[in-house]
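The structure follows.
All chains are identified by letter, namely A, B, C, D, E and F, in their written order; residue positions are counted from 1 within each chain.
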Amino acid sequence: MKKGVTINGFVCKPSNNVTANDFFFDGLKNPGQIISPLGSVVTPANVLNITGLNTLGVSLARVDFAPGGVNQPHTHPRATEIIFVLEGELEVGFITTANVLISKTIMVGEVFTFPKGLVHFQINNGAGNAAILAALNSQLPGTQAIAVTLFAASPPVPDNVLAKAFQIGTMEVDNIKSGLASKY
Amino acid sequence: MKKGVTINGFVCKPSNNVTANDFFFDGLKNPGQIISPLGSVVTPANVLNITGLNTLGVSLARVDFAPGGVNQPHTHPRATEIIFVLEGELEVGFITTANVLISKTIMVGEVFTFPKGLVHFQINNGAGNAAILAALNSQLPGTQAIAVTLFAASPPVPDNVLAKAFQIGTMEVDNIKSGLASKY
Amino acid sequence: MKKGVTINGFVCKPSNNVTANDFFFDGLKNPGQIISPLGSVVTPANVLNITGLNTLGVSLARVDFAPGGVNQPHTHPRATEIIFVLEGELEVGFITTANVLISKTIMVGEVFTFPKGLVHFQINNGAGNAAILAALNSQLPGTQAIAVTLFAASPPVPDNVLAKAFQIGTMEVDNIKSGLASKY
Amino acid sequence: MKKGVTINGFVCKPSNNVTANDFFFDGLKNPGQIISPLGSVVTPANVLNITGLNTLGVSLARVDFAPGGVNQPHTHPRATEIIFVLEGELEVGFITTANVLISKTIMVGEVFTFPKGLVHFQINNGAGNAAILAALNSQLPGTQAIAVTLFAASPPVPDNVLAKAFQIGTMEVDNIKSGLASKY
Amino acid sequence: MKKGVTINGFVCKPSNNVTANDFFFDGLKNPGQIISPLGSVVTPANVLNITGLNTLGVSLARVDFAPGGVNQPHTHPRATEIIFVLEGELEVGFITTANVLISKTIMVGEVFTFPKGLVHFQINNGAGNAAILAALNSQLPGTQAIAVTLFAASPPVPDNVLAKAFQIGTMEVDNIKSGLASKY
Amino acid sequence: MKKGVTINGFVCKPSNNVTANDFFFDGLKNPGQIISPLGSVVTPANVLNITGLNTLGVSLARVDFAPGGVNQPHTHPRATEIIFVLEGELEVGFITTANVLISKTIMVGEVFTFPKGLVHFQINNGAGNAAILAALNSQLPGTQAIAVTLFAASPPVPDNVLAKAFQIGTMEVDNIKSGLASKY
């Protein structure tokens, strides 16, 4: 249990103890280490890293991509996201509630927006590495990586739910589940 | 183009023209007709049906299930949902951002909650029909049915994105895409 | 005093201790017992019953009515309400800030809306029982039953305030007060 | 129909046409004229008088009281209120959702708070005039004067609803209704 | 460290311990004592003085002015302000984000608005004292008096930042800094 | 006057006309041209450039600095800001409402936060160019550059207000005003 006066469940320092380091983070400085089979890695900079963000409604994240790397389709349940390409080029997209894919290839220094709560992805189709900086309007936006959410949750989502949803057999469901399990 | 003073893009009637029908809806009265291969149908009651809901931050929906019917994994980008079972029994669940499935079998008259923006589902494992009433804290919560969002958007989500995400081959991706396309 | 990290004054479980029961409630399953002289009873399903609703901004309530039963004019200071008729038929209404009554008789399966903070009521003019499910966009909407608020608060609202407001004598005020006191 | 770009249903001037008068109001300068049988009068200063308040979330009102005057029990569906006594002394109070009256006699220059949406009142039990300035955290808080809302709405709230609520006979209901109708 | 259940970092009393004094404040009753070289003094009435304001989103302040007194240019980072002149006359103004000064001379009983977060000021150019009541839509709006923020913070804002901003020499910056330091 | 259904005063396209370009911006790609005497330039990427940001509550900006360049003390009345250093190193700081300067020198890839509405600045004390990407939790955060707001508004802020605030003579006020006027 934390001690002290809390707001939003986070301890608030007495204002005379606050220092610049409460508003600072150096964890986005270098590319993250890519060990995922997806060929990408996300490094967040939110209220868990920067305590001064508490109640302030914004955060950042850095995503690094190997060639061919994918930041798989995912949602942020509590935030809109706007990205800036730090390096390389990426194909990015989101799907609307009318099931339309809005996508574009974006280059270094270009900006793209993923509206609140919608499924979105980025893929590095280029030959070199790529990286983006993402800004989100929540101090703790949360993430659901869709494939993992559906096929690798614990306990597992029932096979018959997934079979119906994807209109595949339960054996194919199990294959995807075991495929994902073997990779993570 | 709509005429008149608008708020949120919806026309606001002069207050002396408002009638009870602006706050009323009878479209949830009877079970929806189930024609989807999923064995379920959702009937919304939101600001598109009830103009008086504009700015008021709440809406309803009714979901009807045939035996074996599934309300496939989906999100509401702008709302929390709380359901009440009108008929039958259902297995319901949501997945947290820590990838834990929180699920339960619920009976007539029982209540369950799906936190804002998280992937959730319901399945009727019972022998008879089932139905729920869902309340959502948005006048227009929006819905993304995940399987369809990923595998049946138009234009399509690129195969290589889905292959990486689900760790399957692009041929399997195409099989799911064409399977879904043939059913809807 | 509660222990643990709190948000909104409610204890937040560590996320690995959360279970489905934190999002579940079975207290709306059966009609409430009607002992009030009003012939109705309200059973809430809010953050006090469902701890997982904390910060999520929605709740439910069930109201049961004997024949002739009334859910007296009341307000929810922190919520809009939308109702669905579970059983029977009801005359329902709210009064606008322009002092116009917006009312309608609604049947099983029909939906009606009571905008945020406005005085509203339901009455079962039918021959049988009636019941509604109410959804509200607050985890703890609060309720003020107007007659009781004015004539049965403790300590009492001063007689001269009520006499002026209702343009009646203080003896009539006292009669209403003692009448209400004898019934509750 | 209004012309121009609107926000919240109010026309927004192009910023280069904005003048100080869009943020100014002199209608609270003098005591309002008291003609109501209640012995009080409310003069609002909200977005309807001060167009520059649009989207800004605050407004004022002035209430003047003759000796014995009452600002009858009422609610603001969309705002908390905090008052400052400009002249005289007043007994003020609100009733909580636990049906407890919180009241106090306050003097010139003193401050009291009425939480969001709760029924509250002021009465001038002093020998002279009294006046308050009220601040509310909404550009258009709305008001429901309870007695008038219940007994003088148009069309009328049904007698049987009011009879049950106040536990009086319908004849007494009609007496209050006709009493109020004769005064306004 | 405070004890008890807290919301927003403020202790919430059990509702049965709440009294009228939790919603009351008499500190605005008399003019504040003017000792500042500015010839004005601000007395706040916010959640630090009125514990019942917690979560309610509104507060007051009183500002008293000697002849020639100035409430120096300042911002409230979390609130819009609307003022009412209690005594005297004042020249008041705010600057828009398009760098336009919107100003006016206002008299007793007149009202003016300062939109959220914008720099604003009041000056008493009259021969007598003046006073205003200010309402703000935050329980704790915060204040930044600009001159003091820039030239008297501790540790000091670097000279070269201020020299560039004001396009003056660092010696002039130091003169302003020492001038302010000698007065406060 | 704009045509079409508007939300927040911005035209909303029919959803079937939306394209990726509504969510895209390439104006941050290259360093802005520095012509200001401050040695810095701000390039915004907000709802005025990216129409798809409407209602979504986030935006970006790029700031480029020549050696010695300053992004002068300023506020965003409607947003918190979090920055990421794209190039070079900067001394950055904000002043709290307790008048404490919170500052730090930050390098490429490091992150710093400026809480909502507070005065903040950046200065490039390094030998080379510098650049930051800033994220703000508003689609249109607004900016007030303090020196210009106070000393170069049109019409001008009265000399006596500024003289009192800065505790300088009106001649020094006029010197600053004319100095700024000559540079912009």
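The definition used in the following text is that contacts are C-beta pairs under 8 Å (C-beta built on N, C-alpha and C of every residue); 3 or more make two chains touch, one makes a residue touch a chain.
If you're wondering where the values come from, they're calculated on a predicted model, not measured in any experiment.
Both chain A and chain F are touched by B, E. The set of chains in contact with chain A as well as chain E comprises C, F. Among the other chains, the CA centroid farthest from that of chain E is the one of B. With centres defined by CA atoms alone, the chain at the far end from chain F is C.
Put simply, the C-alpha centre of chain D and that of chain F have 41 angstrom between them.
Chain D and chain E have Cα centroids lying 27 Å from one another.
Among the residues of chain A, those touching two or more other chains are numbered 6, 93, 100, 103, 115-116. Listed by chain label, the pairs that touch are A-B, A-C, A-E, A-F, B-C, B-D, B-F, C-D, C-E, D-E, D-F, E-F. Residues 15-16, 18-21, 23-30, 45, 50, 52-53, 56-60, 79-82, 84, 86, 93-94, 96, 98, 100, 102-104, 106-116, 133, 135-137 of chain D touch chain E in their complex. Chain D meets chain B in the complex at residues 1-2, 6, 8-9. Considering their complex, residues 37-39, 68, 70, 72-73, 75-78, 91, 93, 95, 97, 99-101, 103, 115-119, 121, 123, 125, 142-158, 160-162, 164-168, 172, 175-176, 179-180, 183 of chain B touch chain A. Residues of chain A that touch chain E in their complex: 3-7, 12.
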